[in-house]
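When the chains are written out, they are named A, B, C and D in that same order, and each has its own residue count from 1.
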Amino acid sequence: MLRINNLEVVYNDIILVLRGISLEAPEAAIIAFLGSNGAGKSTTLRAISGLLPYEDGEITKGTIEYRGEAVHTFDPQRIVGLGITQVPEGRRVFAELTVEENIRVGAHTRRDGKEEFRRDYDRVLAYFPALSRRLRVQAGFVSGGEQQMLAIARAFMARPSLMMLDEPSLGLAPLLVTEIFDIIRKINAEERVSVLLVEQNALMALAIAEYGYIMENGKIVLDGPSHKLMENEDVKEFYLGMKSDKERKSFAEVKHYKRRKRWLS
Amino acid sequence: MNVIARSGLLIVALVVLLVLSAPAAKAEVGVTDDKILFGSFQDMSGPGAYLGKMCSLVLAAWKRWVNEDLGGIHGRKVDVVIEDNKYDPVLTKTAFTKLVDQHKVFALTAVYGSTPCQAIIEDIDKAKIPVFATAATTQTMFDPPRRYLFHYACSDQDNSIMMVDYIINDLKTKDPKIGICYQDDEWGKDALSGVELAGKKYGLAHTAAPYKRGEKNLNPQVMKLKAAGVTHCFFAGYAPVYAALLTEANKVGWKPIFFGDYVTVDPKTFMAGDLANGHFHFFNLGLRSEGVPGWKKMEEIFTKGGATEALDWPLAPLMWTPLLMLTKAMQDIGKDLTREKLIDTLQSYKDFDTAGLGKIEFGPNLRKGSHVYRVLQCDAAKKEFKPLTDWREPSLVWGKR
Amino acid sequence: MAVTRFCVRTYRQDLRILSSPAAKIGLILFLLVLLTLPLWARKYLVFVACISGVSVIGALGLNILTGMTGLISLGHAAFMGLGAYTAAILSAKAGWPMVPCLLSGAVMSAVMGAIVGVPTLRLKGLYLVVTTLAFQFIVQHVIYHWESLTQSDKGIKLATPAFLGLEFGSYDSFYYVILFCAVLVAVLTKNLAMSRTGRALVAVRDRDIAAEIIGVNLAKYKILAFVVSSFVAGLSGALYAYLLGLIAPDHFTFNQSILYVAMIIVGGMGTVLGSVLGAVFMVLLPEVISAVSGPLASAYPTLAPRIGGISVVVYGLVIILFLLFEPEGLFGIWIRLKRYFKTWPYTY
Amino acid sequence: MALQILLQLIVTGLAWGSVYALIALGFVLIFKATDIFNFAQPELMMLGAYLSFTLITALKLPFLPAFLVTLVLMTVISSLLEMMVIRPLVGEPVLAVIMVTLGLANVIRGMTGLIWGYEELQFPKPFSAQPIMLFGAAINQAEIFTILATALLLVVFFIFFKYSRAGLSMRATAEDTSTAFLMGINVKRVFTASWAIASVVATIAGVLLATFTYLEPIMGHAGLKALPALILGGMDSVVGAILGGLIIGVAENLAGFYLEQYLGGGINEITAYVIVLIVMMVRPYGLFGTKEIERV
């Protein structure tokens, strides 16, 4: 459904952030997109959403195709209209709008009438019962978990066929993270929405995803079905925090990994 | 784009250098073999821009008249440099320094504005440069008299004393309640002091309602005057504000007799429509509607000089009459024109013939050019002001109050 | 794009005021020109230089508050007015000599700065802007109406400035007083910017809550910024009063406040050099405009009524175009020029 | 008598306050959507008044059509201004943007002087000059219309922002531009629309002000009173802007009458600022403004 070919992104005319990445998100699948801070995951999402031109960024090479159509030159509102929504990093709910208004803003691009809106509105509240109790509260005053739910609910209101979540687990208690991931899986299964999940919490992400990509320094260094990735020694060591011999990892080994990484790609 | 911006800045810098370094050396200050250079500062974009426009027009007409119709003065043409002072005291100071030091003008002429003139009053003394004449309303312009500074405008102190005279002696009102609405600056305070002086003489109290320059909502002032039961109200300020005062008074149903100072003798007063009708004004100039020869000549000169707009302005002689006197003085002095001679000549004229434009007279120790006034009545239907009385002085003569 | 300074290798290097020998030579030449100005320039140019100098001091003062600490003020002219009136009243009524007058003007303004600074601690962004605006109008009103003290519209005439038996009555001589003060203030501001206090102020500007968390005493530094800024403003106002010889309420209006904000923006926010460049630029801009419009108005008098409007438009346009194409201000241009020549003939 | 004076002062104060309120409303509309403080707002008001003056006097249009045409013209002009001048600056420091709008104000003021001259002009009065008595207080018809227009706009905008899709998208954009993009909101169009709407409000204010005063190139000075009104109400509150305007209008009229003898003429001119200073001490975000929810 979504296909990125050899995408290269430059910020401020000098900073090369993405060095030619390719990835693919099929229909109704959950794809995990892993990598450390500054690897370029968020930039990839911003490129897909069409935000780069507003942030001094530029796609210098490569294409983004959505259902066979090249979309990387489209305005953000057109991309949302096509059915690609993003839940931004750090939730970014509209703090001064009420929860209800936030949900309504999510449906901004929809032109299919009040009844359809109403139906989705009820459905989204069914997914997030916690929100229905706080509809009249300013979004800035609800808890972090609720804000994350709100951000997902808001994105859902655009009736997406591809939902991109940027670190939904950031700053949340483990219990809440589990809850939110459950809901994501549910939405994916019931609504047949594809999910592109950017995460640092690789264990959780790979647990619900079918396929995963790992990114380093603006490049995809490894990809494969989740279960395979989870078995990969390097992934285990550096993303899942597990090491077979239970030793602490040392800096020297990291270097060693980097050398091998080059070989991998 | 940045290239444009940068090269633009470079040009700006170069222009500055060129302008500041351009030599303007002259042997004798402002007077050469073929030219006499005058300076003036006018407000071209600030709150007094309307006056600035009129004055520039009058000066242009004067220049054309002297140079072409009179063929210059003893073989010299006159020229006027005008600087924009935006009615701002600091810019006036800058403009003055520039006129004196850079353009090296012979004298200043046709300047106005209380605040701007106030800012350079010391500099005029220091530079020993004749200023003929200022139309500023402040009393400090002529009191104490300064050798180089001539003042030709109405004094609002005179005007407001005349108002009380007129109420008591001509209208023969018993027990009038006097009020005054004035712009809260030197100009208005001048008018207020007149009402106070006259009040002392006749034993009358008064109600004062100041408003700030630029204020358009006169409701509090009107309510104050109305609450005090004022029957006769003096106004010192600009004509549009006077019109606003009339409108507001009508709104709240307060109907006193109004007396406007000389600045309200202006077409803008008719913005109030019929409400302006029948009220009184004080004026020191001849009126165009009287058809006096002075005005006829102005009409002719102004039309030729492209200043027809200024003809609709009853205050035009305030700028024009001093220019006539200045021309005459320069002609009388002859080839050897100096600043000191100019001043001596200007103050020596008794009863200068303005052909009905109003009296102008100075003396060795007198820098106040106008002394006699007439009471006018406003005719809103014809949009005219008609003289009711002959020329007269206030009962408390200036200098002996 | 942020202006990046050139590489420095040691802290010592970073703390140096002049970063290269070329800068030293340039500065010495420049100072020489400044020092000899009244000897070769005409009186008008000296006068403009004096006005520029006063404006430079004023702009430096505002730069401490707005550029460095990020507290936007539209009441700067009011602080200058306080300084000017204090100096004028002490000079005219109490007969004090110049130096005490200048200092008490600055101190008076600084005290008011502290008083204004306290309530504004809680205010942010535009709420602060309008509160300083309120201060501006209230000071203007008081100056205008406290007639017994300020003589309102008539203004106050100052005594001829004198110091150690020397008279500074003419523009030529007073120029040196202004020059001295301007250089002193510039050097001190530069020093302040690089000191611990300066860094704390910048921290307050960039993220005040974060600054508080890392241990910057917000209240102290905000008030300090107000005090230092208004002290400098007061000094500049007092100098202004002496320069003009007579001050009236109209010298310190809202428009003046805006002019000062324009100076530091056009110059480049937060930098000492930027404030200096900006102040000089904004003083010279009307000169340039009138240099073009003046002769035009004299040559075509019927055009004169229109020229005022044109000059206002040009003034506005210059500001707009400047910020559209050069948001970093004159300082940004300066840095780029410098880099261009330094790296010439290589572009990167 | 004393009561009647008070009533009269309040009624006139309300009329003037409405003008301040409308100017403040224009400020709020642009600020809410774009986070930009448009200092050229009073000049837009003036421009609107001058344009409709020209349409009425030069093209001899009747008042209402002239007014409507002005609204269209102003919408176009302000949209163009936004696109050409303001948009390139989005993301630059607040102060730079403020300065640009101040520059813009200069340009508009200069142009007005250039085209229409500096003379005060009388606006053709669309309403009868005969005052109407209201509970013993006199009021001009133009003043009544001003108060009514303000009340109407208050209701319209309240509904617009609370319930309409466009209003909501404007609020969302105001808060977080890049997230607004992600919602599929056409942010550019929102920016332009907010300027267009603000210019409509400004035109209404300008024309009404001109009908009970007169035209002059410095009539934008009324905007200096709208600023405290705005801050008093809270920068981002439509209701606040309008109430702030009315409070300032009434308070200054009362101060002009009751306090003038103690505090000097022109006290009404600074009343607004004194009130703002006091309110700011108590509520640093205005009477109705939202306290910024701040996270480091």
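One rule holds for everything that comes next: contacts are C-beta pairs under 8 Å (C-beta built on N, C-alpha and C of every residue); 3 or more make two chains touch, one makes a residue touch a chain.
Because the structure is predicted, anything quoted here is derived from the model rather than measured.
Within the contact network of the assembly, the step distance from chain A to chain C comes to 2.
Common neighbours of chain B and chain C (chains touching each): D. Relative to chain D, the chain whose mean Cα position lies farthest away is A.
Counted by C-beta pairs in contact, the busier of B-D and C-D is C-D.
Per-chain CA centroids place chain B at a distance of 36 Å from chain D.
A straight line joining the Cα centres of chain C and chain D is 32 Å long.
In this assembly, the C-alpha centroid of chain A lies 43 Å from the C-alpha centroid of chain D. Computed from the mean C-alpha positions, the centre of chain A lies at a distance of 75 Å from the centre of chain B. Residue positions of chain C touching 2 or more other chains: 144, 305, 308-309, 311-312. In chain A, no residue touches at least two other chains. Across the assembly, chain D contributes residues 110, 113, 117-118, 264-266, 269 that each touch 2 or more other chains. Contact between chains, using the touch rule, shows up for A-D, B-C, B-D, C-D.
Note for the complex: chain D touches chain B at residues 1, 5, 8-9, 12-13, 16, 110, 113, 117-120, 122, 129, 131, 138-140, 213-214, 216-218, 221-222, 253-257, 260, 264-266, 268-269. Contact residues on chain D toward chain A in their complex (touch as defined above): 165, 168-169, 171-172, 175-187, 236, 290, 293.
Every residue of chain C that touches chain B in the complex is listed here, in rising order: 41-45, 47-48, 51, 144, 152-155, 157, 171, 244-246, 248, 250-251, 255, 284-288, 290-294, 297-298, 301-302, 304-305, 307-309, 311-312, 321-322, 325-326, 330, 333. Remark: chain A residues 49-51, 54-55, 75-77, 79-81, 85-86, 88, 92, 94-97, 101, 104-106, 108-109, 138, 140-141, 154-155, 158 touch chain D in the complex.
Contacts from chain C toward chain D in the complex involve residues 66, 72, 119, 122-127, 129-131, 133-135, 137-138, 140-141, 144-145, 207, 209-210, 213, 254, 258, 261-262, 265-266, 269, 305-306, 308-320, 323-324, 327.
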